[in-house]
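Shared between the two complexes below is chain A, which pairs with chain B and chain C, respectively.
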Partner chain A sequence: MGSVAKETTARSDDLELNKPEPEGWLGLLFMLPSIAFITGLFIIPLIMTIWMSFHNWPLLGRTKFVGLANYIELLGDSQLWHSLGFTLLYTGLVTAAIMMVAFPLALLVDRPLRLAGVFRTIYFMPVVIGFGAASTLWMWLLNPDSGVFAQILVGNGLVDKAPRPLESFWPALSIVILMVVWKTAGFTMVILLTGLQSIPGDVMEAAKIDGANALTRFRRITLPLMRNSFMLALVLNITSSMLAFDQFFIITQGGPENSTISAVFSIYLASFSSYRLGYGSAMSFALLVVLVAISSIQLTFMRQRPEES
Partner chain B sequence: MNVPKHTSSALPVGERLGFVAFVAVSILFAIFFLMPIIWSFANSLKPAAEALANPAALFSKAFSFENYRRLENVGAGWYVYAGNSILIAFGTIVLTVLVSVPAGYGFAKFRFPGQSLIFVVVMATMMIPFQSILTPLFLILKILRLQNNLFGLVLIYVTFQLPFSIFMMRNAFDAVPRALIEAARIDGASQWTILRRIMLPIALPGVATVAMFAFLNSWNEFLAALIFLSDQNKFTLPIMLVNVSSGIYGIIDWGALQAGVTVTMVPCIILFLLLQRYYVRGLTAGAVK
Partner chain C sequence: MARLQLKNVVKSYGIYEAVRGINLEIEDNEFVVFVGPSGCGKSTTLRMIAGLEHITAGEIVIGDQIVNRLGPGKRDIAMVFQNYALYPHMSVRENISFCLEQQKISKEEIQRRIVTAAETLHIGELLDRRPGQLSGGQRQRVAMGRAIVRNPKVFLFDEPLSNLDAKLRVQMRTEIKRLHQLLPTTTVYVTHDQVEAMTMADRVVVMNGGVIEQVGPPQELYHRPVSQFVAGFIGSPAMNFMPATLVSGGKGLLVQLEDGSSLPVPVARIELYERHVGKTVTFGIRPESISDRQERPGFAEIQAKIDLVEPLGPETMVYFAVGDRGLCACIDPESNPKPKSTMPLSFNMNQMHLFDPTTGRSLAMG
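The block that comes next holds the complex of A and B.
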């Protein structure tokens, strides 16, 4: 019996060796759990978002098909337009701020020194802290009664009274942007650093020998060769800022006077505060279309090789 | 410090000045990135009066755990929330690894019709923000009776982790040389033995990366936890923090809040410092993609 078993395995070995690929369909079996998760908890909900957006869908009680009514309401919803405008403003400002901090950081730590590695680690550290913890931490830093900022400013005689940044729009937005730069600049720094380090050393050497000065090398070699890293950093920063929620829910709580309600915050309020699930779905789908459009435009730019442009 | 003495004194003045400028600027940035973390940690260990009088001080004469003790009286007590966060993180890590490792293997080492279509669909889900499907997920969890349930939240976190994890594991398995597998097969190893004895050891760094991202993302996630958990005993640490920060009768216990922030962020920082290279590997994998 033992010899028979040996023979069959030997034969199946031969079969597998002769084939260009091993038993292909076995691969599908390995993927089944993933397919189940992604279908059940991603693709079906995605289709449901669209389906629900055509309904009046309260949490309890009957759902009713209303056609495009939710989308029509969306067009006339001034609070929603305001929150979309605010989200775009925030995205533009925070992305610019992050790039302006992260790029110098990447240039600074792009050195083959152990010390540079230590600084890289320090700059990256806030990235692994969650937005929830980071937001509550900054709430404390900036609170006028026992916050660190208030003590430093008043203690050094820079201001007479502790500032209350959350009571008006621009100070509140600036504080959130400062917090997000602190928390995420290290991430963008690493993305840009991979771009910097992929520039071949001999190209730089050749330019040096040809007499190109540091500024020319930076403009003609570094920047063009880093195009893809820049685009990737932009895509990631823009999409994540468009989806900002935690920092506005926690630090500004949408205030003052609902001026810092972001797009996802609006969806949260519609679906889980007013329990208008149909309307919330319509908003979700609109946001989804905007985001997929942004990332596909940017990814198309990225696909182009630098020499084509 | 890293430059040996004799070379450093031999360096031209310009280069030495450049090094000094590099260190000075780097230290300024380091202060900006480190100080909020250090202040929070320092204040979590100060008695209330001292924290109120001098929050910027890094050391206090009176060292105390009273903030952590007061955090025990917040809702169900901070250790309940820490326990929930640990359960969720652990569940997300285990399930993500169990589901994404075979899938990555399947994508790397097998070919069948329609396979690339499945891969494209899986990767395309990365472009769609999970925030846009939360409303129907709420209903699905309600139907499955998994709403307000830690396991329900784990299922959702696993789904969000899958595209990235499958991508990581496919790359990890792609790196295993074909000749090695053929040799094992000739020696009579079964498909299962090949996966366990040859593929997994080589793919282990990939597994570490997947596990680390699963931990950080589930530990820190806020919005889904806020929506899907409604029972006070089931909250996670970030939700606890927000409850502390919104105060009781308008009074915020800042000391307890700093204790909570410390409990929430320190595990992430320690894990990052220990497993930094797996984290950066995950980031750069995303960057070259």
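The block that comes next holds the complex of A and C.
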């Protein structure tokens, strides 16, 4: 009996092993929602953008195929180059500012203190507000007549007259950067915090026993081991800064004297002020190429890491 | 190389006392193993010696210096961690040299020490690899390399073999022991594995519930445990325990078991146990002290109904019951007993132990 039972088990095991891999269509079925999502919201719009960029495409009226004319026009468009230069300047400044605020915050809340959790939540809170809403909120705060900032500064006698930062370039840019740091530093803090917390405790203890002081531990252990989190935070911050629109559209409205028009803002102006959708599409595609290039460089750098445990 | 002293060391977390006032002197170059179940305070004690945990009360002295207030980097100790704790972004060479760089040792000297350590631990060909490219055993060697290049006063090992597979564990156990013979250094080694404790230690410290139960050479702990806890913890398979009563009968003393059977106490032990006659005791006997060999002086025979047989090769474990207590015996594999059969088993009463059932203390200790 026993041997018969054993044989049966062995045979059913064989059957299990010989069973073909699950059908390919099953895998496809699982992937379908993602494929539909990416196709509908990314690939089709991308192809349409490229298609539109080869046309003279007014909002109303007949479209006309113009080949590479839009791209050639891009090369000589000084407003576009200015906006691209401005976007790069903004990206550099805001990314640096976010990192400088978020990293100390991450170090602060990475402590086994009961209050650390409360502060983590407080610092993260502005992240959940939309950019449009945050920009509008800051517009109110900045209002020279009724804004909170003006009242505090004038009320405390710190200034005689309510400041009007949006009337010149650097104060306007600084205000936008301040708002963006307030709104997004919490998110970067969380990314950096995960990096900090992924450093094994015993590695830090080993460094202590090896006689490394706090500064050496930070420089030689913490920073190198957080490299991936840093790179991720940089990629996300740079990408979103390169695509900045709401804050300039709402707070500075491109001013003063069109000096704070970002790349996406100029795409908006071309498409929905001048109604040149074809030209706007060409600008969008050019910006996509720039962004892919920047991200590829960053991601390549991120992958070029030696084997780590 | 230094003497290490723990003087009434206490560690509390709020109202919970993890270590409850331990006293211990570890001699220069001695290899001491702390062993005990999880939560007994052995790792906390080691971490206090390392300076990774503050001491609530007491004193830790390394050499002639009280180190209570010294940071881990200033105690001149080296530690091997359970998960090796190698710096993942550094090569093996950098891992080993990191501590020497902190001591501002010259590059030539660092290089010389790395080469010596690499030769000692056979890791010369791994020096330019990173920890992620090494196997568990190799990482363990690198962790030890990082420790030995410093020539520390004290080596600390925190369960260093628990992440290795069984075969590698035995191999590394031997290597650590050999390394200690080659480079005699005061060593404190923490493990929950009593086999590691028995095989490696000059002296074993058995801890339980934040206190030291017994300190002594492995053989002393095995043969003369001071408590039922030590008797049960040291030795594998664990000692058998049965409730019994000590009665006088005939010319001597008898251990009367729950099922009514009586085992005579050897003459040599009568004096030791005499004053406990009439008391309820816990009778303890190791599986290896129960055999199927012919009766010899001091042996007491019972008829055992075998429940389960586990042949291990060089010996065979048999499980049987006395009353409702399950017992284990370690017998000659040649006997080839069958489950459900009855066989005579002899208790070597020269190796018997009696414990106070309330305090758990050995009655042989007085």
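Worth a mention:
Please note the rule applied: the second predicted complex is superposed on the first by the 273 of 309 C-alpha atoms of A that agree within 3 Å, B and C clash if a C-alpha of one lies under 4 Å from a C-alpha of the other, contacts with A are read in each partner's own complex, and residues count from 1 in each chain.
We take it that contacts are C-beta pairs under 8 Å (C-beta built on N, C-alpha and C of every residue); 3 or more make two chains touch, one makes a residue touch a chain.
Bear in mind the structure is a predicted one, so any value in this text is a computation, not a measurement.
For the composite obtained by superposing both complexes on chain A, the positions of chain B and chain C are free of clash and fit together. In the superposition on chain A, A:33 makes contact with chain B only, while chain C stays out of contact range. Within the superposed three-chain model, A:257 lies out of touch with both chain B and chain C [touch as defined at top]. Put simply, more of the residues of chain A are touched by B, taking chain B and chain C as the two choices. When both complexes are overlaid on chain A, the residue A:160 reaches neither chain B nor chain C. Superposition on the common chain A brings chain B within a closest Cα-Cα distance of 6 Å of chain C.
Once both structures are placed on chain A, no chain A residue is touched by chain B and, in the other complex, by chain C. Contact residues on chain C toward chain A in their complex (touch as defined above): 50-52, 71-74, 77-79, 81-83, 85-89, 98-99, 102-103, 130-133, 146.
Here chain A touches chain B in the complex through residues 9-10, 13, 16-17, 21-31, 33-35, 37-38, 40-46, 48-49, 52, 105, 108-109, 111, 113-116, 119, 121-126, 128-134, 136-141, 143, 145-148, 151-152, 155, 182, 186-187, 190-191, 194-195, 229, 232, 239, 243, 245-246, 249-250, 264, 267-268, 271-272, 277, 280-281, 284-285, 287-288, 291-292, 295-296, going by the rule given at the top. In the complex of the two chains, the chain B residues touching chain A come out as 1-2, 22-23, 25-26, 29-30, 32-34, 36-37, 39-40, 43, 51-52, 54-56, 98-100, 102-103, 105-107, 109-112, 115, 118, 121-122, 125, 127-129, 131-140, 155-156, 158-159, 162-163, 166, 182, 185-186, 188, 191, 216, 219-223, 226-227, 237-239, 241-242, 244-245, 252, 254, 257-258, 260-261, 264-265, 268-269, 271-273, 276, 279-280, 283-284, 287-288. Residues of chain A touching chain C in their complex: 200, 202-203, 205-213, 216, 220-221, 224-225, 227, 306-309.
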